[in-house]
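Dropping the structures in below, format is structure tokens.
Heads up, the next two complexes both have chain A, just with different partners, chain B and then chain C.
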Partner chain A sequence: MYGKGILKGLGVTWKRFWNTYIDDIAWLIRGKKRYYTEEGVKHRSSKNTRGIFTVQYPEERLILPEEARYLPFLVYDEGENGKKEVRCTSCGICAKVCPPQCIWIVRSNDPNTGRPIPEPTEFFIDADICMNCGFCAEYCPFDAIIMDHDFEIASYSRNVYNMEKLLKPASYYRSIRPENYARNEAERKAKEEAKAAKAAGAQKATAA
Partner chain B sequence: MMTTPASTTTIDLVQRFPGSVSADTRPGYSGFIVEKDKLVEVATAIRDEFGFDLLTAVTGVDYLPENKMEVVYHAYKTTGGPGLCFKVQVPREDPVEVPSLIHIYPGVDLQEREAWDLLGIKFTGHPDLRRILMWEGFEGHPLRKDWKEAFYEEDAKPFKSRWPDGKFYMAEDNTPLKDNLNFPQNFDPEKWIPEDDQMLYQSLKRYTVKNEEGLETDRIVVNMGPQHPSTHGVFRAAITLDGETIVGLKPVVGYLHRNHDKIGERNTFLQNMPFTDRLDYFNSMSNNFGYAIAVEKLMNIPVAERADYIRVIMAELSRIQNHLVFIGMLLNDLGAMYTPALYAFEERELILDIFEAVSGARMMCNYLRFGGVVRDIPEDVMQKIKDMVFERLPAKTDEMDRLLSENEVLVSRLKGVKVLDAETAIKYSVTGPVLRAAGVPYDLRRADPYSVYDRFDFDVAVRQNGDMYDNYAIRLDEIRQSLRILEQAVKGIPQGPINSQKPQYQVRVPAGEAYGRIESPKGELAFYVVSNGKPNPWRYHVRPASFVNITALEEMCIGTKIADFVALLGMLDIVMGELDR
Partner chain C sequence: MDNEKLSLPQYDIPEDIQNAVAITTLDRLYNWGRRSSVWPLMFGLACCAIEMIAAQASRYDMARFGMEVMRPTPRQADMMLVSGTVTKKMAPAIVRLYNQMPEPKYVVAMGACASGGGPFKEGYNVVAGIDKFIPVDVYIPGCPPTPQALIAGLIKLQEKIDKESIRKVRWYRKGPDTMEIPLPILGPDLIDPRRNAEIKMAAAETKEGA
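Coming up: the complex of A and B.
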């Protein structure tokens, strides 16, 4: 029969049309909100989603997975009296691995001896050149540079981040990437323990 | 599957042409070196006697220290099996001349033009040797090793100005009009009249006809694009028309050209990985896959088994979303605005959610590393992949099928409109679904298995007519086959490490060459990488599926109506990020 295929296709769109109401009504009956709530957004991007699929940004936001990456930032640990203990040792691995070469690091030298000390004096990231690949964070041996979740950086001028702009506390890191943070902390702890054990061993050896 | 050991052909070819063919004995290299004068004869024999009917890649390499240029050809059999690599070496003196193979393998057309454009290798006998990616009037050949681009800093990354004394500067402070542009001598932009259009129309001139009264009539030339909603980006086709019928067509590309190859040669091996994402930006996982395979071949390292499965899962998921969006966009091109496209995009979004959760980015995934992948799939994401593969995607594929496949309007629009027949498709080096829709069951996952594809049970989707309807339907077939692969991969994924190597930001790659190829959703995607033992590749060449596939565009369109051009171009499923590189 001519026109059967069209009717079949129309059946699909017809079903899709009703689906836009079914979930809405079901959620209404259950007294839950399908829109403008985290639960609703989660449901809409799950495998069971049907009906209205779009997310009303910026009122609603997709929930970013932990691994989401956007522009790196530098982590500092909060020391006593709010002192910023920058984790970066200016080893330069991130600057070397960066594919578009958008990282500039100025290594600091001890004014007395002239030897390099493990802390950067200045750190630049040209955010407009950065391609968000995440290599810097991936290969940093000190977990000092981490990919951020903040993607709303539109501005009227060029975004060049210096150290002041880049530094964010470790607590922020924990808040956006709890699993990674926990893993890193465990690794650091294990490393320190191993170091202590080794030192103790060495002490024992010398004592013996 | 045919498996001819490469060694047998080796002996044959040298014996067949004693004195003019020799095996390439440089360490890390393989294949043969053919004398320049005998190239056409040898290539004819390779096609007709040895049966290598599909010439996939033509690559020019500039060996500056040895003062020679090399053209590398990779030929394969459409019946499967390993390929044949033959090379021509010519001294690096002006002009560098190599005989064109266009009369034996017409598929080399655009690739030879590319080698001429970027490396200045003159292919004698090529009927239309114009620049293709750079603009006419451009001075120099940018892929030559002694050519330096604007903003040139150093020969290789990492640049010295970054660390330890980072002297920060903004790129635009090297003022565009001083350093960014390199004008030829005595050049005045105010007085310049571009030649490229004239040359382009010259190449379309052959369609001028004499009518009965002896009057010469020019055909009408219509420019589709570069700004045309149907061309999927900035693609331009100069079409010669006789009434409504297309009698000639020249694709004009390069509007998005960024010299990916040159960037790649400046980068270290690892740094290229995120750049490959930007090729076919719909399938960054597949692009990573191809590049990783090429470099792993060169490094001669194994891939962790679990990582291989993860790679297959990601590549097949990206194939599914690519094909779904292809169908949606095809319907857009045909005038069924947005309904199928948005249905397709819904599934694509869910698949991109998976990519984002494992790799951190939806489109620019940068997920693969040499020897494995960057991180394991978390448990909840694995569950989501299972849900998608076993429940949602099969249902949604069927829904798409129900929505469109029998629709009489669509069927009468698509059925019987020819795209390519098998012979022409092979002649023009077309690969991917377009080739398979023409009845050639050539799928690299079967023909030359890579990764762990030989462990999975699936059929090579193939259709016989090579018309538009088959080209549409084969995409649905392929989605179903991909789902079959995914089901097995998700079930059979072993536990274990995800990388056979230690994470390292500077990999050691021994000297040599490697040609890594995969079946990307759009066709054969291949990377030809040459290393000289340094941290940067000496040559990094991408053989994109879209670029080679449009070689056949003229052949496809001649004789059809101009209204079909949009649909025919849609059939090739081009992506400009990959085409223009």
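Coming up: the complex of A and C.
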């Protein structure tokens, strides 16, 4: 008999169609919301889901894993009375490792002595060149540049981000990547302690 | 768009007839129809096209925005989704397809390559941004943008369509067109087709020499 395969295929579609309603009713009986909730999206992304699994994007969004990356951003620590302590020291390692060469940094000099200050005056990332590889974040020795999770960045003109747009607080970094943040903080603390111990040791040596 | 959004906020409609009556302007109705039926032109150029296909498939389902009908002909398309690296060989075909699309038409540059050249921005064979040839409405950064990011960009395009006014749009006006179409400059960034004969002659000479 011809057309058996077509009927079989339509059967699969038919089954999936009804499975959606079966799942909907099961969730309704349990008193949970299958749509527009984090739990619902999690279930529909899992292998246990049945029926239609569309993510209704503007109302609900996929749960991103911590290591998800989009464009990079610069981290600043919040100092006293809202002062922005930029972690970047304008060493330029990120600009060097960037494969498509989309980062450029304007370094600053002390106006009195003319010597370089470890702080950038400007920091540009061409978002329309960036290929989201994450090398900059990987190589940064000060954890000053981190890959962002924000993907709603479409615009009506070319996107060249300046420092004002790139700077985001460390609290934001902690909110999007809690595990990475904790690891980085522990590393920074250990480094600082080692430095202090070394300084104390040196002081003792000079005293003796 | 539901009834509340179609109605203008300054008119109070009694609650019992709110489902039956809407007071709106012609602009709003016209834009509502247009933004809900943006048909893209079906073509893909590189890896971004895979994400575009994913966005069209059931997981993200662009049909929710009335964008599911990918037209294989420019005559029936409203939006050109430039999804991927535009090589210099492909650029004339894209410009030709753009010119064949009827007004109103929109261009979305998806991904780093289409909007700025991406990693190939200094390549000998890649156009550094399709905006050198055709006017681009929305730029979506990413390499490639995820389906969600693409849909975010298309929502941005819908917002742009919402702001247009039927009395002011240039494609209903008389007289010469006011749109500025970027004129590509033939130079080091482009292959000059006028020099084709010269290039062929040079190629033949090297072949003879070898």
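Here is the rule we go by: the second predicted complex is superposed on the first by the 191 of 208 C-alpha atoms of A that agree within 3 Å, B and C clash if a C-alpha of one lies under 4 Å from a C-alpha of the other, contacts with A are read in each partner's own complex, and residues count from 1 in each chain.
Note that in this section contacts are C-beta pairs under 8 Å (C-beta built on N, C-alpha and C of every residue); 3 or more make two chains touch, one makes a residue touch a chain.
Being a predicted model, the structure only gives us computed values, none of them experimental.
S.K.: One more residue to check, A:9. First (chain B), second (chain C), both or neither?
M.R.: A:9: touches chain B, not chain C.
S.K.: For A:153, select first, second, both or neither according to whether it touches chain B, chain C, the two together, or no partner.
M.R.: In the superposed model, A:153 contacts chain C only, not chain B.
S.K.: Check the residue A:117 against both partner chains and state whether it touches chain B (first), chain C (second), both, or neither.
M.R.: After superposition on chain A, A:117 lies in contact with neither partner.
S.K.: Is A:90 touching the first partner chain B, the second partner chain C, both, or neither of them?
M.R.: first
S.K.: On chain A, which partner's contacts cover more residues, chain B's or chain C's?
M.R.: Per-residue touch count on chain A favours B.
S.K.: Touching A:99, do we find chain B (first), chain C (second), both, or neither?
M.R.: both
S.K.: Based on the superposed arrangement, let me know which partner A:132 touches: chain B (first), chain C (second), both, or neither?
M.R.: Once the two structures are laid over each other on A, A:132 reaches both partners.
S.K.: Taking the two structures together, which residues of chain A meet both chain B and chain C?
M.R.: 53, 99, 126, 129, 131-133, 158
S.K.: Can you list the chain A residues touching chain C in their complex?
M.R.: Per the stated touch rule, the residues are 52-58, 61-62, 70-71, 99-100, 126-133, 151-159.
S.K.: Which stretch or stretches of chain C touch chain A in the complex?
M.R.: Those in contact with chain A are residues 58-61, 64, 112, 115-119, 121, 129, 131, 137-143, 145-149, 151-153, 155-156, 160.
S.K.: Write out the stretch or stretches of chain A touching chain B in their complex.
M.R.: 2-6, 8-9, 11-13, 16, 45, 47, 49, 53, 64-65, 67-69, 90, 92-93, 95-99, 101, 103-107, 116, 122-124, 126, 129, 131-135, 138-139, 147, 158, 160
S.K.: In their complex, what parts of chain B are in touch with chain A?
M.R.: 157-159, 161-168, 170-171, 267-268, 270-275, 339, 343, 346, 349-350, 353, 356-361, 364, 366, 374-375, 381, 384, 387-388, 391-392, 399, 402-411, 503, 505-506
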